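Labels for the chains are A, B, C and D, by order of writing; each one numbers its residues from 1.
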Amino acid sequence: MDEARLLITCPDRPGIVAAVSGFLYAHGANITELQQHSTDPEGGTFFMRLAFTLRHLDLSRPALERAFREVVAERFAMAWRIAYASERKRVAVLVSKPAHALLELLWRYRVGELPMDLRLVISNHPHHREEVERFGVAYHHVPVAAGGKEEAEERMLALLEAGGVEVVVLARYMQVLSPRFVARYPMRILNIHHSFLPAFAGADPYRQAHERGVKLIGATAHYVTEELDGGPIIEQDVVRVSHRHSVAEMRRLGRELERTVLARAVRWHLEDRILVHGNKTVVFV
Amino acid sequence: MDEARLLITCPDRPGIVAAVSGFLYAHGANITELQQHSTDPEGGTFFMRLAFTLRHLDLSRPALERAFREVVAERFAMAWRIAYASERKRVAVLVSKPAHALLELLWRYRVGELPMDLRLVISNHPHHREEVERFGVAYHHVPVAAGGKEEAEERMLALLEAGGVEVVVLARYMQVLSPRFVARYPMRILNIHHSFLPAFAGADPYRQAHERGVKLIGATAHYVTEELDGGPIIEQDVVRVSHRHSVAEMRRLGRELERTVLARAVRWHLEDRILVHGNKTVVFV
Amino acid sequence: MDEARLLITCPDRPGIVAAVSGFLYAHGANITELQQHSTDPEGGTFFMRLAFTLRHLDLSRPALERAFREVVAERFAMAWRIAYASERKRVAVLVSKPAHALLELLWRYRVGELPMDLRLVISNHPHHREEVERFGVAYHHVPVAAGGKEEAEERMLALLEAGGVEVVVLARYMQVLSPRFVARYPMRILNIHHSFLPAFAGADPYRQAHERGVKLIGATAHYVTEELDGGPIIEQDVVRVSHRHSVAEMRRLGRELERTVLARAVRWHLEDRILVHGNKTVVFV
Amino acid sequence: MDEARLLITCPDRPGIVAAVSGFLYAHGANITELQQHSTDPEGGTFFMRLAFTLRHLDLSRPALERAFREVVAERFAMAWRIAYASERKRVAVLVSKPAHALLELLWRYRVGELPMDLRLVISNHPHHREEVERFGVAYHHVPVAAGGKEEAEERMLALLEAGGVEVVVLARYMQVLSPRFVARYPMRILNIHHSFLPAFAGADPYRQAHERGVKLIGATAHYVTEELDGGPIIEQDVVRVSHRHSVAEMRRLGRELERTVLARAVRWHLEDRILVHGNKTVVFV
């Protein structure tokens, strides 16, 4: 729990690793994980994630961050942030009728696989209240009436704000969020789409997959942007199907995929393993 | 080698299995494999593949086929055919510069994994002649000049006809075939497309995949129809990639996929395991 | 729900399919699925699973079974049984501390993915009572004291008998069952072992896997026999690991595998898709 | 081609990354890849692989290595080495009758996927001479007579020495190498075993797999040690099988696996991506 993570994006040039690791070493921060990626060593973009322990730090956290900015970050024109494992992210889950993805998150939350502070669940259906409250999590039913999306989103944003929510997970939430809503949580809304994107974006992807006669079906976790099902992909997986699988059976198989793929993406987000660059992700796992 | 395969498509209704298996038993044909599929037991379409041995047949092949038509097929309004393992299909491979899919087919052909009579290889490039001729297979270089596609296709069709070719395999052949060409080999031209269709149809799919930032890349074997990359899918597979994979590395990984997926599809076609229905396939493996 | 399944094992010889399908057709049983397998067409063993609808049956169920025995089964020396989808199997789950496999079964049961009558859960720990009772299922805590296994098994067998249990699922039940217990439910006790058997049988397989440095870890669902982790394998799957995975992380990944693999095996058992032959299974999916 | 790779194993303690990256930066070596792993930040073992460009190096290679030893390596008690991409490793392939793994390596070698200097192929069979020589590689037939293994190994060692061979790849070489032979190439002999080790070590693993009734078959690439099929595992993969797969069909499927798994392991070895620690590998991919 005394782990911190430093995430960096900057123009690539020699000396970055030396500068960052030298700085951390000088202040007693022991590096436990280090991953880096460069799109091109000549003139590309450089990404890095370092995990380090705070135990022997010779500075306070604010002093560390200030010193890092002055000594290292400005020199290399870095976009950067430090996240602390002890400050668990405050999360809200949005869900419609199908409960499988929600339940998967709740269960993993309970056994400690998802290091978050799950503040609330919002649904446009009343069904999951009992289930959610059993896990000690607040449940809010925010119906979306025809023509009432703006009002519903207002209510939801108020709930998110009241809960201090930092991350929103769409666990099969079937309403399209407005650009205004999305803009409030840039690269902090995760969605699970039940197809192998970019194939079968939009509605009823299993039916689309069945009609096209594909031999694998997939699920995609991605950040939500203004473009429907078009945001940066975090994780994908597939499962084999054949002519014998009806749409209903694809849905059954797909539920397994959706649960697993979303849970992975959420965990990586919570552990600060994802850097977004343009419309793509760098995932350090 | 004394195996025959009976393939049936017909409206579903009670009694088909009993009629077909009863007929075969009565004539000494011992069933060794039987697979069936129904899109819907009430009013759907019924598909069946039976493999049987000819050893104890009490009729000649033509007599068997005639009797089957009269006694069984007409009663159930069947589309059907019988194929004999001893009559290996005559195959041509079309290929452009990348040799990996061609080589895979040649190797598997030589070790007996692909029960075909490989008559010729046609390429719009001269490069693979030596390699192909080593395997004892004729190589024809048919360049496609700008504006000269019709002429090239004429030459190719003449070569295919002269070779008595029944099946055409596009092992990374980069020219789009004309509808006229395709119509000559309906559901008998197999192509390998280097993406997980329907995602990334068209040109340079690995570049498209890289730009979209997908986490899996795929390959798709399908029958060629008039619609580019739109024909019935036979087989697909995927491999995991990450931000670390450049387009070139995706191509390297993709080569493995393409080889495997195409080889599977070709084998299934040669073993009469594929039934086409609308724009989809029933593959009995 | 008016589906029946006929499962057959017998010496292979010509005419079986014709006899069985002819019999069913004659009595108004419409075949909806048919799968067969032969270890060797000459002198091998023949396996078949037929699903058929009872709607237009011209006999009662007992009369159908009697007629089948007399007209078909005896002629071909068949081991056979007919199962009816409407008669859902009565199931008990045995579990120790880890709850993931149990919860997976409960969820799938509730959403209708597992067509069973879940009568009771037995655990040597008291922990899961609340969770299980929420699903409307009886929970029995049967502790196993040192030297008290025989007594505990007596209690468990009494509970199973009182519940009319036909199938026992070990969802990470950490006690080895005695041969006497096993003999009461031959090929009707399913276990999930957290390794890719036959590798890492016995205790703490993730630790064994970590020590051996394997690059994939697995899970295996199998029928329980007298030989520990040695019974017929029903289903297996694997997930990739690397040097970065500690034993704890292997356990986390393994939980996903165990849940999925066990759920598949249980569903196949409930749908009468598994035939056991020697120490192997024929699974018709 | 002006890439170098620095591989380090040492006791873990703070400051290693800073010292190494600072050293390289000071001498104009631009880091392009950096991966590290620690078995335990407190008292564990630390592994690192750095790739860097030599273009702007301010020292000769020998001077760089000497300086690294004195300034960094001794301070941290490192086991280390620097490998240069331009110095392609000299490789020999040993093979028996089955050619698939050999051909895979030859083909990848030719298209540039395996950056090695393939000096010779040795076989206890004469069959593959023509094939190998076509690729411009020397072929040596060294039969192993009954009781003549020692003599055969002497001949093989002489050939390897004459070729300056650094790495030996067993591409389905069916003779067990003596401890004496193995000791000459410690962690430099790679083998492909046709099972998912540790399951089915020893002879005829596909038959063993068939008899046990597993639902997945595998292949394992590992370093050869004195213990048969017991050396550090480099890579593994599996493919799904069912009751329908005979031993012959498992062999056919297995060939695909063996080719792919061995090719991956060889490439990783050639690119200096593998560190051996005890009986396990750290593979930085």
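Operating definition for what follows: a contact is a pair of C-beta atoms (placed from the backbone, for glycine too) under 8 Å apart; a residue touches a chain by one contact, two chains touch by 3 or more.
Note that the coordinates shown come from a computational prediction; the quantities given were computed from them, not determined experimentally.
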**Report entry** Given chain C and chain D, the chains that contact each of them
**Finding:** A, B
Report task. Going by C-alpha centroids, which chain is farthest from chain C? Tell me that one. Result -> D
Query raised in the report: How many angstrom between the C-alpha centroids of chain D and chain A?
Result: 37
Query raised in the report: Just how far, in Å, is the C-alpha centre of chain B from the one of chain A?
Result: 42
Report task. Quick one: which residues in chain D touch 2 or more of the other chains? Result -> none
Report summary line: As the complex stands, chain D meets chain A at residues 14-15, 17-18, 21-22, 24-26, 28, 30-36, 38, 41, 53, 56
**Report entry** chain C to chain D touching residues, read off their complex
**Finding:** 37, 47, 196-200, 212-216, 218, 232-238, 242-244, 279-283
Query raised in the report: Which bits of chain B are touching chain D when the two form their complex?
Result: 100, 103, 107, 111, 113, 134, 252, 256, 260
